[in-house]
Every structure is written in structure tokens, then in C-alpha cells.
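In C-alpha cells below, several structures.
One chain, chain A, links the two complexes that follow: it is found with chain B in the first and with chain C in the second.
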Partner chain A sequence: MEIPSWLLSPRLWDFLFDAVVSTIVLLTIVWAERKIAARVQMRVGPFHISPRLGGYFQLIADAVRFVMQEVIITVDSYRVLFVALPPLFVTLALMPSFMVPLSPYLALLSRPSLHYGIVMALAILFYLFIIVVGIGWAVNNRFAYIGAAREALIIAAYEIPLLDAFASMFLTYKTIDPIEIVAKQTYIVGAIYNPLAFIVYIIGVAMATSRFPFEIADYEGDVATGPYSDFSSIFLALTYAGGIYIALFSYSLLGALVFLGGWAPITPGPWPADVWGNLAAAAWVMIKTFALMLFFVFLRSVMPVARLDHTLSFSWRWLLTIALAATAVSAAEYFLL
Partner chain B sequence: MAGQKIGEAIKAVLDVIGLGVKYTIKPERLTIYYPYEVPDYMGRVRGWIGLWTERCTSCMICARICPTNAIKMYMEKNGRRYPGIDYGRCIMCHYCIDACPTYALYPTDIRDFAFYRHEDMMYTPDMMRKPPQVPKLVPHVVKVVHEYSKGRVVKVRVGELGEHKPLPPAPSVPVVES
Partner chain C sequence: MGLRMEQYGMVLKEVEAGPGGRRTLELLFGPQHPTSGHIRFFVELDGDIIVDIRPDPGFVHRTMEKLGETRHFMMNIPLFERLSLPDAINVTWAYSMAVERMLGYDVSERAEYLRTLFGEMSRISVHLYDLALHAIMIGSSTGFMYGFGLRDLLTNLWAIATGARTTPTWVLPGGVRRAPPKVFYERLAGFLDFLERKMDEFYRLVVKNPVGYYRLKDVGYLSKSDAAAYLATGPGARGSGVDWDARRDLPYGMYKQVEWEVKVRDEGDSLARTLVRIDEVRESAKIIRQLLKSMPMDGPLVGHNATHKIPPKEREMLNEIVRMSGYYVTTTNLAEGTGVTEGGRGRYFFQVFGSGTERLFRVRISTPSWQNLRAFMKATVGARLMDLPAIYGSFGFFPPEADR
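Moving on to the complex of A and B:
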């Protein structure tokens, strides 16, 4: 029996692989975050739902709770945006991961647009946290206002260094095409080509996705989850309790491609002939993404929360300096390599 | 100066990450799985409050001292008022016991009592006369010990979970016949 050609389309497989594996990665990462924090704090963490699996299904129980909860839209909020922004947030957070290839032949986009995949993904991710400011405005209470103001200040502080880090890497590789970028990292990964840019990337992403020690806009001790402070039920799951992790996934996927070599040592053949090679390459990218995410969520268990003014001065004074130094390194590499 | 500070900051960050990784790989857990394990309170726990109605003079000092207004004075058949505690409000501060001039209220270490309904929390004077029956779920009391010499946390059993007995009444107080 002939396999219909649409069943082997790389777009379908890329979509399915990304959707399924990202769901598994997200479930695992939230569980891992809780377990790691519990271990460092001498607790046990999720346990009683599925004790044999170490409480892995706790998250599914939580998700069911979020979905079943009553939807409350507060009186003072701007109702249209209050309802519209959380789905928009999660969509924009997930979109970048569909714009980059998972192996040389598995990609949702085709050639001319795939060339700009990483740039488009970055553009969307930088829009994403402007939506958080919008959420703060729509929620309309004092904590949301303070949180949104903090988020706006932090966006301004991390965006330029983070963009600079990616731009330096583009300069090093002399291309913005994701497939060529990975091809250039066959022997040496990007983090070794330009460690300064990698440091800026790590700190910038921690700031962008509100990881500790930069959980300032939605730090519960100060502003009661900030912009999301009136959200409950599905809205909370789409933003604070889920959406930010999806954004972290997208950032980590970009980092895995640009800094950790993507599918680098694996070089699969063309798509329909070498299905398993391509899937192995995609799985290898996902493992790198997971490792990056694991580092980011690990920070929660060991880091304190930085003050807003310290963060801003650190960012504008040091992070920007390191980012400029990274650009200088890349410029040197551009002419030497 | 500034260079030294930056060096210290970087070292601190690396140190704390190292410590976190160490605990992630080799955790030391202090959690006691109550009610499957009962923690050892070393005898210093404020629990259920008992009442000897024979000693009570109905002076209402306990009701007035109570910071949460948990004590209500109930009229009994003999025409006198005795205190009854609402455990929904009581914070177990035991001020009432300290204030009682005739030692009519007495402390116990009963702490494992739970209620299904709010009405069940309202104790009337006759309910306060004998300690509530608390089901014994586990036979042992455990204690978490940090063995600093070996650098690990262990749970040890520190004896059986005993029966709750009311304390003997304080001596030499006049008993008021009711």
C-alpha cells in the first residue's frame, strides 16, 4: 500500500513533533522546577498524586483545576482586553517555536521565509512582553499597575543587550539562516565561539521570562503576581502559570539553535528518505532546549530576588557593556574566521 | 575596589549554584508526613483545654481575658454559668488557663483533633469535662535529627504515641460544691 504523500510532509511532522514534544517538555519542566526547589529547600515537593512517579501527575491535576475553576472578570477591568490578551499571550509565546527548523528538512516554513526564521521569532518574542504591560493595564488594580510599570522598565533594559547578543552571533556566523547557523556549529558550538554573548543571552532570557533573580514584575512578595494579580482559572493558566513557561521554551529553543549547536553532530539525510535521522535531530534539539530550561528553572531554588533599581542599573551598566564587548569579539571573528 | 566586588559577586553566584546542584543531587529532607508520622513536640504543645466544673466559680475572668472572644459562658441547670470554648476561634494561647484563679481550666497536649462542621467546634461546659477521643493513626512519634558530623538528615523514632491523660489537679484549692 502506498503511503499518501501528505502523510510524509515535513510540515505536518514538524508541527506534530513540536506540539507533542513541547507539551511533554513543558509538563516535565514545571514538575522539575517544583522538585528541584523542594530538594534544595529540604522538602519533598509534589508527591501524593502518583507517588511512584514522584508526583509527576500533580501538574495535570493542577491543569484540570485551572480549567474547571470559575472564570472571574473583575468589575474594574477593561473587559475586552482582559479576555483577549491571555490567549494572545500564549499564542505569541508558542509561535516562535514553529518558525525555526528542528532539523535541516523538518520545518514549517519553506526556504525564503525560513531564512528569516530566527529574526521573526525574536521579533515576536519581544512583542510578547509588551502584552504583559497591556495585561497590567486591562486588569486595572494597583498591583497590576505597579507590575506593568516594572515590566515596562525591565523590557527596555533587557531588550537591547539580548538583541545585541543574537546580532553578535549572526555576525560571527556571517548569516541569519538557521540551517546555515547550525551547519557552522558542527565542531564548535556558539557558546564557545562567543561566551560573552552566551552570558548575555542567559541573563537576558532570565530577565525576559521573569526567572529568578529577576522575578520583579510579578514577584509575589512585593506585588501579588503583578500584572496577573486578578487572573484566575484559565486566564492564569494561559499567562502566569503556563504562558511564561511557553515563552521560556521558545527562548530556549532559539538558544539551543544559536548557542548550543542545534542538531549539530547529527547530519540527517533528506526528509522522506531519512525519517529517523531527522526525528533524531529534532529530538536532540529538544534535549538541548530542555537542558537550557532546566537551568533557568533551577535558578528559582537558589537565587534571591533582585531589587528593581539594582536590576536596571546592572542591566544598563554591565549587561549592555558585556553585550557590546560580545559584539566586538564577534566583529573580530567576522574578519578573522 | 570595584573589581574585587565584581569578583565576589561572580564567586557568590557560582557558589550558590554549586550548593543548589549539590542538594538537587543529594537531598536532605526534613518533611514529616503527618498524619502518617507524628512529629515530636518535646512535650511543649498547647492543646485541648479541659474544665473541672466543680472548681469553677463562674467569675468570667477567662471569658474576659480571651483575646479572640472564643469563650462563651453557658447557663447550666444549677443556675450558674460555666465557660465553653469555640475552637473555631481559639488560638490555643492558654491565657484563660493562666488567668483562671481556681485552676478550673487545665491544659492538655491533645492537638490532633479535627471537625467536620463549624457547630462541632463549639464546646459546651459538659463537653469540656472529658478529653475528646482522638483516633490513634500511627503508633510512633518521629523526630528529625540533623547529624552534623556526618552531614545528613535522619528521622528517628522517639518512643510511642502515648494516651492523652488530663494533668492532675493543682493541689490546695477550695472546691466549690455545685
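Moving on to the complex of A and C:
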């Protein structure tokens, strides 16, 4: 019996791989975040749900609880956006990971559009946190307002340096095509080509995805989970509890491709001939993504929350300067390499 | 000294407002807010700057003073330690001192040693509690877990000695209720070593951490004269350079017999107040170590005058335990007594008036959190909203204590 051709479609496999592995990565990363924090803090962490696996399925139990919770839509909120924005948030957060290839032949998009994959992914990700501001507006609560205003300030502070970091790398590689970008990092990865851009990327993503110490817009201490403060049940799971982690996954995937060499040492053959090679390459990308995410979630264990004004002044004064210096480095590399 | 609390906020607002005025946002902070600690603040914000803050305490409990007049004066001990559960010993110690002076009781030497030792443990407990809450208020959950994890060890020690983790009801007029068993002293030394090591880690992880440092540095400035004028006590005053400590200036207990010093810092910001607390934890450990060396391990737990009130059969076991039943018949004198102790958050003051019956005619309580509230408001105006939890935590504010 012959295998139908659609079963071997690289698009299908890319989609499956992305969907399944990203779910596993997300489950693991949230579990790891809680376990690492527990380790640092002299306690056990998730344990009672599946004790033999160290509480690995705690997140699923949490998700079930979130889904079964009553949906509360506050009277003062703008109902349409209140309901519409959380699904949009999680959709936009996950979309970028489908825009980029996982191996030279495993991609959802085909050549001419795949060429712009990383740029498209970034464009979508930068839309993402405008939705947070929209959420804050739709909730219509003072704490949510303040949180949304902070999110707006932070967006302005991280977007330019982060974009600059990626643009510097494009300058270094002389291309924006993700497959060519990875092809140029066979021996030396992007983080070594331009360490300044990598630093800006790390700090920018920490700010973009509300990782510590930049958990300012939804800082529980003074704005009580900020824009999401009136969300409950599935809406909370789609935004604050889940969506931001998915956004972190997308950012880390981009980082793995641009700064950590993607599938770099593995060079698989063409798709239907070398299925295992391509899947291994995709798995290698996911491992790098996971490592990046692990770093970002580890920050929670060791960092307090930075102040808003310090963050803004740091961002405009230093992060932007480093980003410009990174561009200068890349410009030099453009002519030298 | 006219304390009109609204004044400075309003003045700042007028200065900033200018012609036409400026829109401010009133934010109701608490009582259910994660870092409000069951007090409500009406915070008036101009952008991100706090221009006025009005507290609305009384959400935990009130009428502690009135309740103190409705029952036998012994029953006030478990009542008043609810004022500040982490600092239970120092509160009940101040009350017991007031009752002792009213009744003319003396305190046995062993009891004085034990009270001082437990008072210092109580101070460590309160500082750990406050440092932990302060850490979570500035977003460091690790600091929170460190503080509470360490305090858990301490409450276990309390449980060994008194039978209760948080409500020891251990200080009695004239002495203490139970003698700690031998294992308590053995474990206490080990706990102190562990505590000092972990406090260093806490310092590095939360305070010396660049993010944590700049959350606290130059935040919530309270000048020395303001701290004195608004009657701040405890670390709230000593962080601003006011060198006052009831343990040294109104000596009680065994503090004259041990070598220690009052930790004072002049900066007057949240960082200074936090560092004063960390220093005081180390200083308390020092005091406890000295006390452990010179402590008498045998002797009556209550003073001579109090023993008269205890039935002869029960007097035989006074080296180990004091049965509360011996006191039930006791009536108060028609006299007045005051007691002052230095708790972790500052000065506790109790004044009791006897009525001739077993109930007190009047109890007057002054607690540090209530006094620090004024200084806290002074320090907060002009800060950013994000600094509100940082300043609040740096004073170690404890609403149940203010609601009295």
C-alpha cells in the first residue's frame, strides 16, 4: 500500500511538529519554572498532581480549573473587546512560530513568502502587546488602566532596540531569509557574531514578555495583575497565564534561529528522502528554544521587579545605545565578512 | 505639634497643579489588594506620582482596648498577642510589665533571662516576617520564601518551648508560663547559625541584587526631623538616624547584662530601614548567644510576690510550669501600671488601670504600626505608585497592630 502524498507533506509535518512540540515545551517550561523556583526557595513546588513525575501535570490540572471556572464579564467593561481580545492574543502569540522554518525543508510557508518569515513573525509579535493595551482599555478598571499605560510605555521602550537587534543580525548575514540565516551560522552562531545584539535581544524579550525583572505592566505588587486584573477563567488562561508563555516561545524560537544557529550543525537532506534528519533538525531547534526559555523563566527565581521609571530610562539610555552599537558592529561585519 | 495629615499632600498638589489645575486619579488601594495588607489607602495619583494618601485602617479588628476591659486581666494575654502574632512575646511582655507594676509583682531572674531570650526570638520572627513580605512586595518571591522558611524553623522552636507556633501565651505577670525543655536550647544554637548564613544569602539575593537595590535606594525618604516629629518608632525611626531604642533607653529585661548595640542608619530611605532590620536580626542572634551562656537553668519561673497567689500544691512545680488556674482568683489593685518594650516594629506601650475586681478599669495601648503610619504617609507622598509597596514594606507595617 502506498502512502498518500498529503501524509508526507512538509507543511503538515511542520504544523504537527510545531503544534505538538510547542505544547510539550510549554508544559515543561511552566513546570520547570515552578520547580526551579521551588529549588531556589527551599520548597518542593508542584507535587501532588502526578507525584511520580514531580507534579508534571499540574499545569493540565490548572488548565482544567481555568476552563471550568465561571466566566465573569464585568459590567463596566467593553464586552466585545473583553471577549474578543484574549483569543486574538493567544492566536497572535502562536502564529509567529508557524512563520519560520524548523529545518530547510520543514516549513509551513513556501519560498517567496518564507523569505520574509522572520520579519513577518516580528511584525505579528509587535502587534501582540498592543492587544494588551486594548485589553486594559476593555476591562475599564483603574488598575487595568494603569497597567495598560505601563504596557504602552514599555512597548515603546523595547520595540526599537529589539527590532534593531534583529536588523543588526540581518545586516551581518546580508539576508532576511531564515534558511540562509541558519546556513551562515554553521560554525559561529549569531550570538558570537554580534554579542551586543544578543544582549539586546535577551533584555528586549524579557521586557516584551513580562519576564522578571520587567514584570511591570502586570506587577501584582501595585497594579494587581494590571491589564488582566478583571479577567477570570479561560480568559485569564488565554492571556496572562498562557498567552505570554506562548509569546515567549515564539520569541525564543526566533532567537534560536537568528542567534543560536537554528538547526545549524545538522544539515538534513531533502524532505521525503530524509524524514528523520529533518525531524532531528526540528527537534534541535526546539531544544535551543527550550534552553532560551529556560533562561527567561529562571529570572523569576533571582530577580525582584524593576521600577517602571528605571526600566524606561535604562531602556532609552542604555539599551538603545547598545542596540546602536550592535548595528555598528554588524555594519563593520557587513563589509569585513 | 499639630499633625494635620492631609496638609502636606494638599500643599504638594497645589504647587504641582498650577493655573487650571491638573487631573488626578484616585485609586482605592486595598483592603483586598495583594500588597495592601488589609488596610485601605485612598491614593491620589498625578500620573504615576502619589500626591496624597489617606489610610483607612480598621479592616482586621478593632476595639482591642475595649475588649481588654471586659475580661479577667489574665485572659487579656491571649487577646493582646493577637495584636501582632509574629511579635507575640514582646506585646505580652509589655502588658505583663504593666500588670506587674499595677500589682506590685517582681520577676524572677530566670524569668527575666527567658523573657529576654524569647523577646529577641520574637524580634527575629517579626523581622523575618516583615523582610519576607517586603521582598514579595518588591516582587522577589525568593526573598518571601526565605523569610517564611526561616521563620517556620523559629516557630517550631516556639512550639517546642511553649506548645504553640504563633500564639505562645507564654509571658505571665511575674514571670513566664513554662520552662523550655533541654532540646530547645540545643536546637536554638543550630538555628542561629543557619539563620545568619541564610540572612547573608537573603541580603545578596534581594537587597544587594541591582534590581532590588534600586527599588529601595532613595525611595520613601523620611528625614530625621520628620521621623522624630511624626513619632516613628523601631526601624522606621532608626533608618532615619533617630538613635532611640527602648531596650537601651528604658532598660528592662536583661539587656543591661549583655553587650549589644542599637543599629542606626542615617540615609532615611527604604534601603536604610531594610538594612536596619537585617542588622537587628544579626544583633538579636548575638544577644541570644550571650544569654545562652549565662542563663540559669533552674529556678522558679515567677517572682516571689506572684508565688503567693499560687496554691501551695502548685507552687511545687514552679520550676517547670505555672498553672494558670492559680491566678484566676486574683483581683487587680486600685493602681496604675505602665509597660514599655521594644518590639520588632518599634515601641509597645501598655497602660493599665486596676478596678479592684478581676477586670481592668482601662487599658491603653500604643502600638508601633499605628505610629509609623504617619511617618509612612509622609514618606510616601511624592513617590511613585510602584514605590508604594516598597515603602509600605520597609516600615514593616502590620494592620492588625494598628487596629487596636
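In the analysis below, the second predicted complex is superposed on the first by the 337 of 337 C-alpha atoms of A that agree within 3 Å, B and C clash if a C-alpha of one lies under 4 Å from a C-alpha of the other, contacts with A are read in each partner's own complex, and residues count from 1 in each chain.
What we mean here is this: a residue touches a chain if its C-beta (ideal position, glycine included) is under 8 Å from a C-beta of that chain, and two chains touch if they have at least 3 such contacts.
Note that this is a predicted model, so its numbers are computed, not measured.
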When chain B and chain C are modelled together on chain A, clash or fit: clash
Which of chain B and chain C A:307 touches, first, second, both or neither: second
Contacts of A:146 with chain B and chain C, given as first, second, both or neither: second
More chain A residues in contact [chain B versus chain C]: C
Which superposed partner A:174 touches (first chain B, second chain C, both, neither): neither
Which of chain B and chain C A:43 touches, first, second, both or neither: both
Which superposed partner A:65 touches (first chain B, second chain C, both, neither): neither
Chain B versus chain C as contact partner of A:298, first or second or both or neither: first
Among 20-28, 38-46, 74-82 or 110-118 on chain B, the segment whose C-alpha atoms clash with chain C after superposition: 38-46
Residues of chain A that lie at the interface with chain B and also at the interface with chain C: 40, 42-43, 301-303
Touch list for chain A against partner chain C, complex: 37, 40-43, 142-143, 146, 212-213, 215-216, 219-224, 300-310
Touching residues on chain A, where the partner in the complex is chain B: 36, 39-40, 42-44, 298, 301-303
Complex contact set, residues of chain B against chain A: 16-17, 19-21, 23-24, 27-31, 153
Residues of chain C that touch chain A when the two form their complex: 25, 27-29, 33-35, 48, 135-143, 145-146, 149, 205-206, 209, 211-212, 214-215, 384-389
